[in-house]
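What follows is chain A paired twice: with chain B in the first complex and chain C in the second.
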Partner chain A sequence: MTKHRHKRQDRLGEMAGRTNPVADVWRNFRHHPVSMAAMIVLVAMIIMAIAAGFIWDYETDVVAIHAADRLQPPSAAHWFGTDDFGRDVFIRVMYGARYSLFIGIVTSAVSMVFGIVIGASCAYFGGAYDAVIMRIMDAIVCIPSMLLMLALVAVLGKGMKGMIIAMTFVSVPGYARIIRSIVLGVVHQEYIEAALASGTSHVEIIRRHILPNCFGPILVDVLMSVSGCIMSASSLSFLSMGIQVPAPEWGAMLSGATKLMQLSPHLAIFPGLAILLTSLCFNLIGDGLTDALDPKSR
Partner chain B sequence: MQSDNLIEVRGLRTVLPLKNKELAAPVDDIDLDIPLRKTVGLVGESGCGKSMTARSIMRLLDYPIHIQEGTIAFRREGGSEIDLAAISEKEMRGVRGREISMIFQEPMTALNPSITVGKQVREAITLHENISRSAAKERVIKAFYDVGIPEPEQRYHAYPHQLSGGLRQRICIAMAMVLQPAFLIADEPTTALDVTVEAQILALMKQLQQDNDMSILLITHNLGVVADICDEVNVMYAGQIVEHAEKAELFRRTLHPYTRGLMKAIPRVRGSMEGELYTIQGTVPSLSQMPTACRFCARCPYAQEQCRNEMPSLRDVGNGHLVRCFREVEP
Partner chain C sequence: MLKYTLKRLLFMIPSILIITFLTFFIMSKSAGSPGSVALGMQASKEDIAAYNHAIGYDRPLLVRYGDYMLGAVQGDLGESYKAQLPVSKVLLPKFPITCKLAILAVLLSALIGIPIGVLAAVRKGSIADTGVTVVSLVLASMPGFWLALLMMLLFSLKLGLLPTFGLGTWKNYVMPLTTLSLPSAAYVARMVRITMINELSSDYVRTARAKGAGPARIVFLHVLRNALVPVITTLGMNFAGLLGGAVIVEQVFGLPGVGQEILNAINAKDSPIVLGSTIILSLLYMVIMLVMDLINALLNPKIRDNLG
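This part shows the complex of A and B:
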């Protein structure tokens, strides 16, 4: 009942005054408890990831070896226990958020930029240009992504930079295809023609009239893919092709935990949970945003 | 180019490549004159090529549709003439919106939903003129006022979804008129509106035409609208102009069987309610199978042997009345 009244008031408010599309979406998003919770958790993680660098010193707290404290189970002193070098797993998991979030967000953002340029231009200009570019994208998608990433990392060199380039290269075709299909839905709208009829250039049409009207679905797609990127990054690190030990990347930590899993399961559980939680947060936020963008779909 | 014409289209042929590499011509050998300060109607059923003709003049054709031949002479401000079919895309961009603008059928979708209407109209100005935002805003509000939008200052900040269909069409008209173009193409501007709003919008267009010394090409399938505001009428069928006359002449002496059919198909308020409404039998021939003879002969009640073998040309029957038909006398 109250919820209904709430909606009605929103409607009336909308008719009476100005409303801006971003405010509309945010208002809908706020009524989505699960997504709101995911958002709060994610914000907490981001703050934690930033703060971790100030609270703990990388050399002494994160990577230094304390032989006396090896493989201790979770306790008041070490919340998540310690690993086989006596390092505090809690500190390492918290610190590890820096890698995963950074790689996930940067890779997704860079891929999105390439995906928008390729996808939007293909949808807008069409014809032979579209056909050729999309077939190239299809060809890239044909190769199993993990194999392609491993091959690229092998060429580019292990480490953060090689990993981000390889992951971007692998994820751009997917973005390009999805963004192309989103843009195709907008490109034949009459307001595009109306804008052309008032003398707007093609680049301006894409920038001003097409992308803002596709931004919602594109953003959802990017959020959903951040979790995929985080998983890929962890997988590469797990295969010791990404972030190298002793850096506390979650995938690398899992990799180190494999041989001790039966003896000290906490070594695998906590980094694993961290990967799960982060991916889940991005997916749930994406879900909430989908509904918020199109409240009728609920 | 005649001195009292703003636009002279000659032999315009716009083609669309088909799957089998052949070319179909949705606009086939069109001659069209738009006299200065006059409203010219372009009438025909859906798919007859009337919108495609307008889009050819605007050069807003979707690839791979293109103009194959013909000229579109346009008298610019200051008197120089250009051929719109030949100039570069960049030059054309300077003409669109500034000297020729267009309003569309669907006011619901002709405005970008994510930008306030004021901003959209303002951008139409700043695309062509280097003026400050506040000066542009003032002109927008003046344009809103001119097209009869109540509370233009408040409406400036509205999003399209907050306005009614009639108001949105007024916004579209304001956007098209804000730079005072010499030529306005109105592609079924009132089809999506109800009749009272339609009457208001047509009255507004007449008013703006007088105020701005503008020529209008009005595309419609509604002969009532033609009777209301047009000076001259062109009837299109299957990509060709089949009849052209001044409005009074056309309604007094309707010659082409297709135009007669259109007139008979209008429901009357007075008169007998018995019998079914007249309809023209059959459908428009498909683009890929356009007959080489008269394109209307399959649906024409008066078709003779000659009609099935030859293409009639557009001939002058006096009084500036052109008709594409072999029959010498009115039936």
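This part shows the complex of A and C:
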């Protein structure tokens, strides 16, 4: 009964031209089984990452050395085995989700905010301001991103903060470009001119009329970029330019595993699987959202 | 098209100025001075200061930048602090290995990715299509170095087929090349698939079909040509990216290429090497992107007209 009523209300809303875009997208997204599964897995991982801090004590369970338990293969006591310091790999992988998820989400969100400010203002004001800023953005894109990140990390200091700033710096130009082109598509339409003529302020026009139109495509980009950021972060840590050992960052754990692969292949497998699963979830959700935003493209 | 090319080449000048200034600024903020890098940890403060004064490092940043750019324009990229050799002498011998890797990896990714993408698009919705999508998604979510580690585990440690480290025979290139080309082949396949599916439902395909063109003719003569435009741009970007971004693969497999040299220079705070390689690689990037755009223009008259 209620389902029917909802449907009718939706249709009535549509007829009146009052559809709720978020509800539309959500309805399409729900029918995407793989993306829904990815979303559930991701939510479980976020809960796990938060809970890990309460379940295990960082000093005693995550980084403490247990010489007697060195390099044990996976068993009932240690699901993912132990590393060369006798630390439980399962605990470390679970705890490591905190780093990757935090870095991935924060970097993408911060880059998006900078990208929106730069891209939208360029598209909106145009002229010399646009030309100069976009030239700088294009120039940054020409520098190989890995090189630029490594140089920035070397200057800012290895560790979480330096890595997030470096990764943000590298990803802002891409966002600025995309958002600029999306906004350019909207800004010259008549209703914007009408709003301007009726005395609405620039900030208000950007906020009320322009950003809502860019919301969907930007959200997809953000989700895809979280997956990219998680991989870049683990790559930097793998090169020991990011999160430093003994912290259980997945890339740093894999870096330690390279020397021990002959003896203990399990060390090289589980942290990598964790990276794969996390970024796969973000990619799948992004994919589902692309379809949900534009069902015709399927 | 000549006018367009010249315009693009001219536009590279401000870009290079921005890139070099940015890198110059970043590297000047790093902790070491040339004196401390060249003379080592044990050197006294006076010696370091004297060294810095001798090479003019104690002048203001902008003066040093101007000086550097004057030299760079004449092809002089300065001298490595550590090796005490001209930057070009240090970097150039590293390029052949990296170029070889990058060229082969891009070729492989095109040779694998394009046919698979076409197949998936033509058989849209089949098991093969789903398989391509799944594999490419998994590869896109996997950091390159982990793929490298997994292959090492299987082919070197378990089966003993391939060497894990260094240069020697062609066998040394198998895993690095796979690591570099497989994810990019997957990306190319996905892109070809999506563009082909869009193109296949367009008006000109219907017209061609109505005029009696067979499916092979439509796919290879009409659709693929248009679907290749974004692919060519991507391949160009990949190539340029690989020249500087193969750091990790070079590190994992112990290949002495440009990436490894840059990583070492960054760790040693050897700014001239970092600056020099940034200039060379960004210039290469811009030139490659220009060439790709020109190739696209040659393939596609519509783009050619837009260039003016």
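Methods note: the second predicted complex is superposed on the first by the 279 of 298 C-alpha atoms of A that agree within 3 Å, B and C clash if a C-alpha of one lies under 4 Å from a C-alpha of the other, contacts with A are read in each partner's own complex, and residues count from 1 in each chain.
Methods note: a contact is a pair of C-beta atoms (placed from the backbone, for glycine too) under 8 Å apart; a residue touches a chain by one contact, two chains touch by 3 or more.
Only a predicted model underlies this, so the values are computations on that prediction, with no experimental measurement involved.
After superposition onto chain A, the modelled positions of chain B and chain C are compatible, with room for both.
Looking at the shared chain after the overlay, A:G127 reaches chain B, while chain C stays out of its contact range. In the superposition on chain A, no contact is made by A:E59 with either chain B or chain C. In the superposition on chain A, A:M146 makes contact with chain C only, while chain B stays out of contact range.
In the superposed model, chain B and chain C sit 90 degrees apart as seen from the Cα centre of chain A, a figure rounded to the nearest 10.
In the overlay built on the shared chain, the residue A:N213 is in contact with chain B alone; chain C does not reach it.
Look at A:A197: by the touch rule set out above, it reaches chain B but stays clear of chain C. Of the two partners chain B and chain C, more chain A residues are in touch with C. When the two structures are aligned on the shared chain, A:A257 is found in touch with chain C, with no touch to chain B. The gap separating chain B from chain C in the superposed three-chain model is 13 Å, by closest C-alpha atoms. Comparing which residues of chain A touch chain B with which touch chain C, the overlap is empty. Chain A contributes residues 135-136, 138-140, 142-148, 150-152, 154-155, 227, 231, 234-235, 238-239, 251, 254, 257-258, 261-262, 265, 268-269, 272, 275-276, 279-280, 282-284, 287 to its touches with chain C in the complex.
By the touch criterion stated above, chain A contacts chain B in their complex at residues 14-15, 18-21, 125-127, 189-191, 193-201, 204, 208-209, 212-213.
Note for the complex: chain C touches chain A at residues 14-16, 18-19, 22-23, 26-27, 29-30, 137-138, 140-146, 149-150, 152-153, 157, 240-241, 243-245, 247-248, 251-252, 259, 262-263, 266-267, 269, 274, 277-278, 281-282, 285-286. Residues of chain B touching chain A in their complex: 58, 60, 63-64, 93-98, 101-102, 104-106, 109-116, 123-124, 127-128, 157-159, 162, 172, 175-176.
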